[in-house]
Structure formats: C-alpha cells, structure tokens
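Each of the next two complexes has chain A plus one other chain: chain B in the first, chain C in the second.
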Partner chain A sequence: MSLLTRIAMILSFLGHYPSYILAYIIETLIVIIFGTVVVAGMVYFFRKYMARVQMRIGPNRVGKFGVLQVMADGLKLIQKESIMPQGRDDLPYKVAPLLIFIALMMGFIFIPYGPLAWLGTLTVTHSDVSLVILFALIAIMPIGELLSGIVSNNKYAVLGSLRGVAKDISFEVPMMLSVLAIVMMASARGVSPLDINGVVQAQNIPFAILEPLGFFVFLISMAARASYSPFDMGESDSELVTGNTTEYSGLRFGMFYLGLFGTIFLGSLILSTLYLGGYNGPFESYVGFIWLLIKTLVVVVISLTIWLSMPRVRIDKFVTFGWKYLLPISFINLVITGFIILGGIS
Partner chain B sequence: MESNLTNKYIELNMGPQHPSTHGVLRLKLTLDGETVKKVEPVIGYLHRNAEKICELDFYCDALIYFDRMDYVGAMNMELGYLEAAEKLLNIEPPERVKWIRVIMAELNRIASHLVWAGAFGLDLGMLTPFFYVFEEREKILNLFTEITGSRQETNYMSIGGVYQDFNDKIIFKIKEFLNEFPKKLDEVYNLFVKNDVFISRTKNIGILEPEVALSYGVTGPMLRASGIPYDVRKDEPYLVYDKINFTVPISKKKDVLARFIVRFEEMRQSVKIIQQALDKLPDGPFFNPKAKKSLMIRLRGEGDVYARTESTKGEFGVYIVGDGSVKPYRVHVRSPAFKNLSVLPYLSRDVLIADMVAISGSIDLVFGEVDR
Partner chain C sequence: MIDVKEVEEPKTIPIIGSIEGMYTVFKHLFQKPVTVQYPEHKEDQGDRFRFRIYLSTDDCVGCTLCEQVCPNLTITMVNLDKENPRNKRKIYPSVNFGTCTVCRNCEEICPTDAIYLKDVFETARTKNSFFYSPTELEKNEDEVRR
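So, the complex of A and B:
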C-alpha cells in the first residue's frame, strides 16, 4: 500500500475524489518539506565535512554541535535587507532565483523513493513520462542562471552567466544521450521506459555496471549541473567575484545558495536512482527508502570530495571536453547499449 | 575620439576590492568577450609614504616601516635595510648575529612562499590547500612569537645586532619543525601538482621569455623560473651565504607552473640553509657594543650606499643617503614586487580572464611593498 492511499483512507470522510486530491497535495508537501530539510541538513553536513577536510572545526556554536547553524544563517538571510542594483530589469531579476528554486523543489516530486516499512511507498507522482518531466525541470535551471546574470546590470554577472550557459550547453547533450541509453535498456526489459519507477524496477543489475561509460558521463554532467568546483565557471568566485549571483543579497542569495546544495542532492538522488539501482537493495525491498538514502549519501560525499580538492576548469577547456570527449563517449555508450540489448545480457 | 557606441570591447574594472587581486591592486581590463586585450594595473591604494617617513626618524627607527612593506616576509625587509644602514654607519654585526639573521630570513622566506602557494590555490578556485599551508606557516609564526615577541611585523633585527639571542630551546624547536616540514611540504606539493586540472590551468600559461624578463627588471623566483639563475644570495653573497651550501633552483619552462615549482624547490633549499646555519651557529655576543640601545640614536652616517638582498619576491635594494646628521637624508627602495608587476600587461595580452588571474597570482604581489 502506498502512502498516498494511506493518507486518502484517513481523509475518506471527505468523499472519494476530494480525499485523494487532498492526500496528493499533502504528500507533495511532505516531499517538498523533506527536500528542504535534507538540503538544509546537507549544508550543515557539507560545512562540517569541509571543515574536517581543511583541518578546521566547523560550525559548533548554535545548538548542539552547531546543528542549528543553518537555521540561524537562514534567519539571518531572511532578515537582511535585499540590496538591489540600479538599472536592473526588475521582474526577471526577482524571478530568476525563484525559477531555480522551484524547479529544484519540483524535481524532488518525481523521484521514486521506494517503500519505507509500514508507511508504504513514498513515490508521489506515478506518471508515465516522469523521466521526461524531471529532465525538463532540470533544463529550467540554466534559464534562471542566465536571467540572473544578464538582468543585474553588472559586467561580472554577464560574464558569469555567459560562462554558465556555455557550460550548460556543452554537457547537457551528452547527459541526455546517456539517459537515452538508460531508456533503451529499460524498454528492452519490457517496463514503461519513460517512467523512472520503471527504470528502477528494470535494474536487477544496476545500470552503472552495464553502462560504466554512461555512468561516467552522467556523473560529470550532474557535477556540472550543480556547478561546484571544478565546474563552477558560472560562479568563478576568484575571477568574477561571484559571477551571476554577484548582485544578489538576502533571501534571494539564499535561494541560489540552497539551489546549489539542492542540485547536488537532487543530482545524487537521480544518479543513484538511474544508475545505482534506486530503492533496490540486497534485502527484500521493505526499507527501499533507506537504501536509496545510503546510495545518495555516498554519491554526495564523493561529490563534496571532488569539490574540495579541485581547482576550477577553464571554460574553453570544459567546452572542448564536453563536445570532443563527452559527446563521443555518450555515442559509444549508446552503441554498446545496443549490443548489450541484442546480446540479451539485460 | 572613439565613440562608445562603436567600441566593441568591454571595459572591466577589477579591484581594488576584488577576491583575486591580492591586497589592493586595481586592474583595468579591456575585454573582447572572455579574452583580455589589455591590462592596465593601477597601484597606489596602499601608499603610506614609508620612504619619506624614514627620513624623519633616526636610523634605528626606520625598521618598523620596512617591516610593514612586505608584511608577509618582514624579516627580509629588515635585513635589506640593515645591510644598507650598517654599511653606511660602519657598524659590523657580530658573527653570531649574521647566522641568526640568515636563519630568520630563511624561515620567513618559507612562510612567505607558503602564503603565496595558498593564495595562488585560491586564485585557481582551490580552497583546501590554503588551510594546509597556513597550518605550516602558523608553526613558523609561533616560532617567531617565541623568539621576537610578535608574529608578523617582528622588528626583530636592529642596527648591529638582533633584539634577542637564540637559546637552546629555540634551536631545538626550529630543528623539530624542520624535521617535520619537508614531509608536509611534499604533501601540499602533490596536492597541487598531481592534479590534472591544476596542471592544465598552469602549464604553458604566461610564458615569460628570459630576455623580456631581464628588460623589465624582473627578479626573484619569476626570473629563475624563466631559466636565469640569478640570486643575490649566490651571486653577491651577503651575511654568511657564501659559507652555506645550497643550490639556486631554476626552471626552463618559463610558465606559471615553473614559477610554482621553483618556489617550492626554494622552500626545500631554505630548509637546507637553516639546518646548516643551526649547525654552524657560533657563540658570541648578539649585538655590536657600538650600537647598543643608548648609543643607537647617536649614530651618524655620511655618504650614500646601496645594498641589495634577495627578499622573498626578488632583488630588494635599499639606497640610503646620509648627510652626517642622525637621520638619513634620503631612503629609496627598489621593490621587487613592483618591478615584477610591471610585466603583467606584457604577459596578459590575448589570454583568457582565467589565465590572467593565474598569471597575476603567480607574480606574488604584496601591496605593502609595491606601494610602500
């Protein structure tokens, strides 16, 4: 039984349809709150981890072990005056951070979280095309990045957003091609291939083992999407001040900041769903959600370690890398996938 | 006059408050998209008139202004001034003092190069090594605190001597540090050099031909990375450098990476120098009785003298003119960082912004010294 039906049963005094609609809204809220809490937790975890790597202590003043530091910082950002540049294009300036943040939060809805004990499956949306919608949402984020740069009336911001867009274009095509390989694999197994849930069910063997090349391309793409070092060209914080977010302050800056960490988490979640078997685990999938979280956390730690140990790649080199290496690799991956399907290994 | 409407270049103003311009450098960039067409460094934001103030004080008082020139390598600044002032005032420091000065100057050279490595990492977007190098630097500064009573602007050396003598405990502590340090240095070095992204950001970037370097007056690690083994410590030895066995690291690669490697090799050589100096440290007084505190302000100098030393940035020259009174008539400083900065516009023609930042990071600028 899924969480949705469980909530709907509690609300059944409202009648059939209203109860289901309300249950759906409640579940969506739960997932969005889950996303926000996890992202805030990740900021704390990141700061602690970063501090340990750099031989520091990290936040330890607010709350026990500094766990409330993120909350304090959030409150501070909300209280702060939002200083806005003169000569900005007002509407896009205000919409840009929202665009990134909302697209990110909506992304969490389409992930199949799997079953958790008696609560049942936590998957919110059972759509036949959830994979397509998810990547459409991810494709919205560069628009926010571009808008924020070109409307803030700042040369650093323009340069930053141009770099960001150049980066986005060069990794997104290989990323979609590697996703295409997954869809091929899933459809060969007879599940509905555009549904992420179907992709997860198709992974008796995780796709990372069957398609190591695709996994590699997707890992890099997700790192580039989240734009942390070495792929933080949009931000380039020692060259272009902070790139496209230079003119943002207060809560709007907070949205970009959460967007960064949220994208790391969402990216890791998608990576473990599409390539590492999602909620499938060695034991009966009674606690699939826990498996998913463990896998995600491992990917997150890997991402953060990459972040902390790399200098920034120069933008022209990344564009070259994207078109000259990632794209051919993802094509080769497609061909190999075709052979795997023909050979019937899947 | 060129109209703004037909101008296809972007004018970008980097600094004086900008994360990648060390201190208060301001760069006027002319950009064609991402490509830098022209760089015009604007300096003077940290000008404190140090040379002029030196003329208003006794010979012994000028040291604190020299401390604040290259505040990252303050010992080398003091040394540079004293080399000139002692020559002018005819005061020879005792033998033990010379060795102590060598030790302190080389310790400070290590500290300065470490700071440079950390800041250079930050320029390239590498955050973590910064903390590793500062941990090591902190150990050196703790030694300084113990010896001199202060961390950075130590005011340790004085005319004809040093402020305090070394004792056995200090020598033991320095030796202990030197035993640990090369291992840590290799760790940091590998963190940079074994990273392919770092190599791709620095290799073949900012190539400085030796002829150009000489014509701009570039000295120090910048010049040695271009393949010219010029080091004042070797070519015109002062203090006791001629009694110490060390090599001058050079590189033929001429690029940013070569400057990085040369600086790290210099730190290893500094460790060697300090170890030898500690072993050979003679006994004796730690100041010249002619220049003890009560007599110091009565010292009179006449004539003019120029002395050069190898500071952390390059050849540091001090020119002093004395008119027979207790105060110098004129003090002039040849600042190596200023001369090295002058080559930045040449190196940054038609490179990307990211490379320009790497190049300006590789120069090792300290603005206290450039602006004085």
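So, the complex of A and C:
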C-alpha cells in the first residue's frame, strides 16, 4: 500500500475521485516541503562540511549547532529590498529564478523514493515516461540561467550566462547518452525502461558496477549541471562578479542559491537511483527510503569534496573535455553496454 | 629567432591527482578545528606573557626614570595628591595604553619595583581613551571606569 492510498483512505468520505485528487495534491505538497527542507539542510550541511574541512567551526550561533542559521539567512533575504537594474527586460528577469526553482521542485516529484516501514511506498507519480520528464525538467534549468544573464543588462551577466550555456551544451549530450545506456540495460530486463521505477527494479547488480564509464560520465555531468566549483563557469566569482546572478538581490538571488544546492541534492538522488540501485538495499528490507537517503548522502559528500578540492576549469578546456573526451567515452560505454546485454550478463 | 625549448611534461594519469586532492581535503574533516571561540574559551597565553601595567603608589618614589626610559612618551608624570613620605614631589606615572608597546623598560628600570606588568590584556574601553591615571593603574581592570 502506498502513501497515496493511505491518504485517500483517510479522505474517503469525500467520494472516490475527489479523495484521490486531494490525496495527490497533499502528497505533492509533502514532496515540495521535503524538497525545501532538504535544500535548506543542504545549505547548512555544506557550510558545516566546508568549515570542518578547512578546520573551522562553521555556523554555531543561531540555534543549537547553528541549525537555524539557514532560516535566519532566508528571513534576511526575504526582508531585503529587491534592487533591479535599469534597462532590464522585465518579464524574463522575474521569470528566470522562478524557472530554475520550479523545475528543481518538480524534479523531486518524479524520483521513486521507495517504501518506508508501514507508510508504504513514498513514490508520488507512477508515470510510464518519468525518466524523460525528469531530464526534460533538468534541461529547463539552463534556460533560466541563460535568461537571467542576457536580460539583466550587465556585461558580466551576459558573459557568465554565455559560459554557462557553452558548458551546458557540452555535457548534456554525453549525459543523455549515458542515460541511454541505462535504458538499454533496463529494456533488456523486460521492465518498462522509461519509468525510473522500472530502472530501479532492474538493478539486481547496481548499474555503476556494470557501467563504470557511464557512472563516471554521469557524475561529471551532474556536477556540471549543478555548476559548483570545478565547473562554475557561469558564476566565475573571481572574474565575473557572480556571473549571471550579478544583478539579482534579495529573494530572487536566494532562489538561485537554493537552486544550486537543490540541484546538487537532486543530482545525487538521480545518480543513486539510476546507478547505485536506488531503494534496493543489501538486505531484503522495507525501509528502501533510508537506503536511498544513505546512498544520496554519500554521493553528496563526494560532490562537496569535489567542490572543495578543485579549482575552476577554464571554459575552453571544459568544452574540449566535453566534446573530445566525455562524448567518445559515453559512446564506448554504449558499445560496452550492448556487449553486456548480448552476453546476457545483466 | 629565439629557439623555444619545449619542456616535456611528465606523463601522469589525469584522474589520480584529483582523487589524491579530494582525499587530502576529506582527511581534514577529522582534525580538530583551530578556531578559538574567544569570549567563552581563552587560549593559554604562556607564562611570560605580560600586557597591563600596574602601579603601586605606596612604593613609587617619583624618580621619573620610567618616563625617561619610555621609548614613545607613553608614560608621563602627573601630580597626585597623596601623602607618601618617600615621594615628596607627589608625582606619579600615568600610562596611555594606546601607544604602549609593552617593551617592559619601565618595569626593568624601576628602582623600587613600583611598576610591574601582569598578563591581563582585556583593556577594551568605551570612553575612547586609553589613558590610565595613577589611581586607575593601581586598580584591577574590572574596577576601572570604562
């Protein structure tokens, strides 16, 4: 029994269809709250992790161990005056941060969260093409990045967004090719391959073991998608002020900021669902959600370590890397996957 | 034309260096932070640390040696109406801690050990002057008007 049917059962006095519609809305709200809390937690975790790695203490004044620091920062951002540049294109300027934030929050809905004790499965939607929708949502985010830069009438912002888009184009083709390899694997198992739930069920052996090259390409692509330190050409804070977010302040800037951290978490979730077995645990258990969270946290720690240990790559070097190395690697991965399927190892 | 010599870089596996760097960063997670939470926790200053100048007006003979030896006019002698048979001129040193370099020449030269330094260093004030009169130099830091 899933969480959806449990909520619908509670609301069953309304009749069949209204109760299910309301249950869907409530479950979506729960996921959005989960997403917001997780993103705030990510900000706190990043600040604490960065501080500990640099042998500092980190936020510890607001609340116990500084837990409420993120809330205090958020309150500050909400209260701040929103200063907008002259000569901006008004509508896209205001839409861009929303686009990133909404695409991120919608991404959380399509993840299969797996079962959690008596609550049943927490997965919200059971679409047959959830993989496609998820990557379509991820592909929306660069549009927000591009709009925010071009529209805000600032040379640094334009340069930042151009760099960001060059980066996005150069990794997204290899990323989709590595996803294609996964779809091949899943379809060889006879499950519906475009449903992420099916992909998770197909992983008796995690795909990261069968396709290490694809895992590598996808890890780098997710790092580049979230655009943190080795791949933060869009932001380039030492050269371009803050790149495409230069002219944003207050809550709109906060949305970009949360979008960055949320993308790290969403990327880690997708990585652990597609490559590390998702909610499948080493034992046959009914707490798959916990397994998913543990895997995601490990990937998050790896991502943050990548962030904190590497300097920014020059944009032309990354574009070269994307087209000349990642793309051939992902093609090789496709071929290897084909052999694995022919050999029947999966 | 200048011949540019092409230096051959040693061949390395590209990913290994990055992973080593990540490991180095991750290792620091388990080390103790170096930050000291100052007002709550205070670090040891060491046995020989001195900052605040104290004065015992009963011992001071008003010889002005400390004023003469002070390198940047931090110490000036001022009048203080106090009965002291050894100090007929009734002059005592006053200290401006804004310029004191803690060279400890005054402590060294004082013939009666009337001037001495202690390891008190929290002399922050709100009255925008670090000038200490002789009576203030006698008191502890928490008794001095701030």
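In the analysis below, the second predicted complex is superposed on the first by the 345 of 346 C-alpha atoms of A that agree within 3 Å, B and C clash if a C-alpha of one lies under 4 Å from a C-alpha of the other, contacts with A are read in each partner's own complex, and residues count from 1 in each chain.
We take it that contacts are C-beta pairs under 8 Å (C-beta built on N, C-alpha and C of every residue); 3 or more make two chains touch, one makes a residue touch a chain.
If you're wondering where the values come from, they're calculated on a predicted model, not measured in any experiment.
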Next item on the list: Put chain B and chain C onto chain A via the superposition and say whether they clash or fit.
Entry: fit
Item checked: Partner chain in contact with A:238 - chain B first, chain C second, else both or neither -> first
Next item on the list: Would you check which partner chain A:309 touches, where first means chain B only, second means chain C only, and both and neither mean what they say?
Entry: both
Notebook entry, point to check: Touching A:297, do we find chain B (first), chain C (second), both, or neither?
Noted result: neither
Next item on the list: Scan A:67 for contacts with chain B and chain C and give back first, second, both or neither.
Entry: neither
Note to self: On the A-aligned overlay, A:136 touches which partner chain: chain B = first, chain C = second, or both, or neither?
What the structure shows: neither
Check: Looking at the overlay, what does A:159 touch: chain B (first), chain C (second), both, or neither?
Finding: first
Check: Which angle, as a multiple of 10 degrees, do chain B and chain C span at the CA centre of chain A?
Finding: 30
Note to self: Looking at A:26 after the superposition, I want to know if it touches chain B, chain C, both of them or none. Which is it: first, second, both, neither?
What the structure shows: neither
Item checked: chain A residues touched - chain C or chain B, whichever exceeds -> B
Notebook entry, point to check: When the two structures are overlaid on chain A, which partner does A:53 contact: first (chain B), second (chain C), both, or neither?
Noted result: both
Checklist line | Least Cα gap, in Å, left between chain B and chain C after the two complexes are fitted on chain A | finding: 5
Note to self: Quick check on my understanding: which residues of chain A belong to both its chain B contact set and its chain C contact set?
What the structure shows: 53-56, 308-310
Check: Contact residues on chain C for chain A in the complex?
Finding: 18, 21-22, 24-26, 28-29, 31-35, 37
Checklist line | Complex contacts: residues of chain A adjacent to chain C | finding: 49, 51-57, 302, 305-306, 308-310
Margin query: List the residues on chain B that touch chain A in their complex, please.
Written below: 10, 12, 18-20, 31, 34, 121-128, 130-132, 135, 191, 195, 197-198, 200-201, 352-355, 357
Next item on the list: Mind listing the chain A positions that touch chain B in their complex?
Entry: 53-56, 155-156, 159, 162-163, 229-230, 232, 236-241, 308-317
